[in-house]
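Down below are the structures I want you to see.
Each of the two complexes below includes subunit A, the first together with subunit B, the second together with subunit C.
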Partner chain A sequence: MSASPFRVERWTTASRASVVAVALLIAALALGPGYFSDNAIDKLTTLFVYVILATMWNALAGYAGLVSIGQQAFFGLGAYFAVRLADGGMPVYGALASAAALTGLVSWPLSYFMLRLRDGEFAIGMWVVAELFHLLVNLDPLIQGETGTSLVALNRYGAFARHAYTYWMALAGMSFLLLLLFALLRSRTGAGIQAIRDNEEAAASVGVEVARTKRLIFVLAALGAGLAGSLWLANAITFQPKTYFSPQWTAYMIFMALVGGLGTFEGALIGAVIFFAIEALFGAAGVWYLIGLGATALGFALFLPRGLWGWVEARYGLSLLPVGYRLRFKTHSSSPAQTPRLAAQPRRK
Partner chain B sequence: MSHPTTMLLTARDIHKRFGALVVLEGVDFSVAHDEAVGIVGPNGAGKTTLLSILSGAQPSSSGAVAYRERDVTTLDSAARCRLGIVRTHQIPRPFGGMTVFENVFVAAANGRCKRAEAYDRVVDALALCGMSEVANRRAETLGLLDRKRLELARALGADPGLLLLDEIGGGLTDAEASELVEAIQELRRRRIAVVWIEHIVHILLQVVDRLVCMDAGRVIADGEPRAVMADPAVVEAYLGGDVHGAA
Partner chain C sequence: MTWINQIIQGVLLGGYYALIACGLSFLFSVMRIINLAHGSLAVLAAYALFWLADRFGVSPILGLVAVLPAMAILGWLLQKTILERSARSGRLVPVLSTFGLAIVIDNLLFQAYGADTRSLAPFVGSLSYDSFDLSDDVSLGTLALITFVTAVAMLGGLQLFLTRTPLGRAIRATAEDPDTVGLLGINAGRVNAVAMSIAMVTVGVAGFFMAVRATFAPYAGAAQLLFAFESAVIGGVGSLWGTLIGGIVLGVAQSLGAQLHPQGFLIAGHLTFLAVVLARLTLAARGGRLRAWIGGAR
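Now for the complex of A and B:
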């Protein structure tokens, strides 16, 4: 078996270039507050939050097969914990970051109950959890029921400084989560995560520790949604439970992941940008904007079920941020490297 | 069963009930080192259930399973896989969204071995099962024969000491099945023990040292393959007579 005539390809020239490009883009964005307008900073912060939401839902549903329609549970909890911690005297940006960590911590024991549920039960069960968290948060007198409250601690910063700090925190949080997820999916655990999505029993039969692996991704997705919630709060300042625990957040996540390409790393990023663009262009159109969003989602589900990037990947075999493996033979004979049909298979299902 | 200490795997007095339905009624089953054992029997005899209990996919209602003299009764299938007990599924269960290579890598990556070692094992398993050509295909695009081969390749990726095969030849033509036979004979040369459930008896007889016949949740014959096939009880189980009331 020694000196095998093959190699396993994980990076390509295109993907190396993409990673460098993404790193440069993030570095350039870090200088943003120096030259962007206040409004642009605000808008970009929103985009970063969308990227976090899309990426985390994609990790959960697209990679691990855990379709949840209750991720607003963690979005709302992240915002709530930030309000709570700041009220308790924690420095406000520390409170925002700790709130995300705390949300991840809460999701850990929760996973022992929720991950017993399968498929549709899990999806709906998570919505029930979100409603439950919503009601529990309403019991806290600080929140004043649905009247809500504000993160008043942020007022000690001027508008510009506040926007800049929030922007940096969102950029750092987004970059951290993207990097973490990318590393996780490229690790051996990442292969196990996808195996569980495709067939849980078979994954267990070849040694994947199903429960532990699902828990890992569940907690990561909760932490991400919690961070998104606390960042949203930092931008919006007001906290009203029904806004933060609204299923619309999960609807947005699903929209972004589906349109961009469920189960592709690039797809969630593209989906977030598309959603952001649609909102910027048509958001003022009120009800028609929502109808347009719904129609777009429907169109994708019918005609491009693997999403934009899923289609590109299948059509051109292109992978810019690859988490998979390709076997290449060094000899010319019967080389799978030559067969363009490799990735070009339509996904059924 | 005469010398338990020399046995690779021993299952004692296995019972399995689903509510009122009794699927296994006190099955004793063992596999020696390097041995290949075939299991035959009519539909509903409990063959697949026994395999699931040996692999840890299902718990038994009572009874004990030991592997390499270690009690594994309470271990789940992932833990047993890491010890070396690996199964294939009657209806293939590929990881459809992943490539063939990645399917096998999932199994190979679960030990503590280095990545390069895991890659070697994947490539070796793919070559043995004739799947190198389709290594980069998404598994959901494979036809039945390739799905069956992938079941075998994936199990091999996990570096088994005991391979449990559930009708790996089912639904294949004779020519296709004999390809799998060659692969399995190669495994025997590598001293991997095999338990193989199969309806196509003449294929089985090319490989196994010993044959076990099950009927209605019991072992009704166990021994030299041709003797077992000639056993009147086995003939009756296959060709009818009374309905045994099994599921």
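Now for the complex of A and C:
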């Protein structure tokens, strides 16, 4: 072993620095309500929700190989449960958090048969599930069909307190999910997840429990989408089933994950920030904005399926938030082109 | 008698679902691709027919003479520009690229025609509401019957084409193994493009019936995709006659659901789809265990 010309590397100076930078950034953002305007707080809350959506869809599609067109099922369910629980008398911020947990709980039995569907069948099958949830939620008298309702319990708080609490909750939720996913991907299970991403059959053959691992990611992604839905509700206050159960949410998730870099941890973060910027710049263009989003996603799928970060990673051998290992030659600090890598290079199936 | 009527109407509705599912199922069996822009392309064909009728006074039935070849060409182009390339990058990329395509088509239609709902019914005389009575409670719509007969004819025609013609055999061989057919002098890329063109012609026909029997709007594609997908899966993806049965099961379930509850139409359809998926998986698991048990006992 000692004669091996390679050494296994996980952390680099750059990655250590970037993890510290992310931690500092989150700490600085936590002080946000002290010095940001109400408008900026609202915008940042939106960005945090986008980061959650992008990261969770990326975990599902990029790592577990499960492309779902129906994540709006959980987004809508999260918001609906929050309305229901708050109406039942639960303190409103407790209701928002519990709604996410409940959504995760619902996804667990659902996973038992949805995960048996493959590829495209799973993708549209999830869409059917989302439509079904939408129709069932419409039956609830509290929701009044497509008319919808509002999270009136939030009126107990003044405007400033409400914005600040929602902001903190979004920041805490995002940080928690990012940390959880980062830790998960770096664990033994994470090695299994990345093996499944690269080749499911081969992963199973070396002892990865494919079904259990996929279920874990499916439930986590549902919980994340549920939290995003309940946070969106806290910001928007009104709940109209049609808005929350719209496939547009999944379109946004796909856009962010695909542009940032499918199957890379950094990619989803970058994708969310890019989407947030594009929306701020072109959102007012309405239909043409949506056409642009669809066309961009189509272009990336065809010509740059690993996204911007995937390209950077392949080109420069950079890894800022390392979830894999890499093999380097011991003798000289080789150029990135010469470093063979382990478990970080997604291979298309 | 109301129940019998609902079942008969459901069966006829199933004809329409089989019609729209036919192209989706065909494409899946040939290329293992589920085209998420399927519904949006049917809506696009409907708008093309509407445009011809509204602008130039061309009857939609005559309009098909222009629109169906146009759909075939569009299918060829889509295959060469989008599907072929995405299929090369793996099983998941076609899902993403066709979903992106659907968003582009839907929103372009919205940009061009706005949110108003349209229908081709005013352009086909009394066809959309003609009917004849079987008894006091049961009456059959002429259009629904024509739709059903068209579905059977189209599925039968496709079946004959696939089994009896050299091109059909080439398509089936390509579906089986695209690399090996190359050795036999078959150009897999061209065969797939032909298959996509054929699928798009069926989509054009489905778009015609969708637009004559009811109204449509720019974002109607998603619902059509789901109906097509549910019929195809219920019937067993890739099987043409199964698609007809799947469509009928979906249509009957929906029409019975509507009888039970005002909101029951769609809910019953989705529940039936999930129940069939669950049953199929359970049976597959049982079958596996049974085989293992027999194997162990031997």
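Structure notes:
We adopt the following convention: the second predicted complex is superposed on the first by the 317 of 349 C-alpha atoms of A that agree within 3 Å, B and C clash if a C-alpha of one lies under 4 Å from a C-alpha of the other, contacts with A are read in each partner's own complex, and residues count from 1 in each chain.
Methods note: a residue touches a chain if its C-beta (ideal position, glycine included) is under 8 Å from a C-beta of that chain, and two chains touch if they have at least 3 such contacts.
This structure is a prediction, so every number in the text was calculated from the model and none was measured.
In the superposition on chain A, A:V8 makes contact with subunit B only, not with subunit C. By the touch criterion defined above, A:L139 lies against subunit C but remains apart from subunit B after alignment on the C-alpha atoms of chain A. In the superposition on chain A, A:A161 makes contact with neither subunit B nor subunit C.
Of the two partner chains, subunit B is the only one that A:E209 touches; subunit C does not reach it. Looking at the shared chain after the overlay, A:E121 reaches subunit C, while subunit B stays out of its contact range. When the two structures are aligned on the shared chain, A:N199 is found in touch with subunit B, with no touch to subunit C. Shared contact residues on subunit A (touching subunit B in one structure, subunit C in the other): 348-349.
Remark: subunit A residues 61, 65, 67, 69, 113, 116-117, 119-121, 123-125, 127-129, 131-132, 135-136, 138-139, 247, 251, 254, 258, 287-288, 290-291, 293-299, 301-302, 305, 348-349 touch subunit C in the complex.
Listed in rising order, the residues of subunit C touching subunit A in the complex are 28, 33-34, 36, 82, 85-86, 89-97, 99-104, 107-108, 110-111, 222, 225-226, 229-230, 233, 237, 263, 266-267, 270-271, 273-274, 277-278, 281. Residues 1, 4, 6, 8, 188, 191-192, 194-195, 197-199, 201-210, 263, 324-327, 329, 334, 336, 339, 341-343, 345, 347-349 of subunit A are the ones touching subunit B in the complex.
Remark: subunit B residues 55, 57, 76-78, 81-82, 86-87, 89, 93-99, 101-103, 105-107, 109-111, 119-120, 122-124, 126, 132-141, 154-155, 157-158 touch subunit A in the complex.
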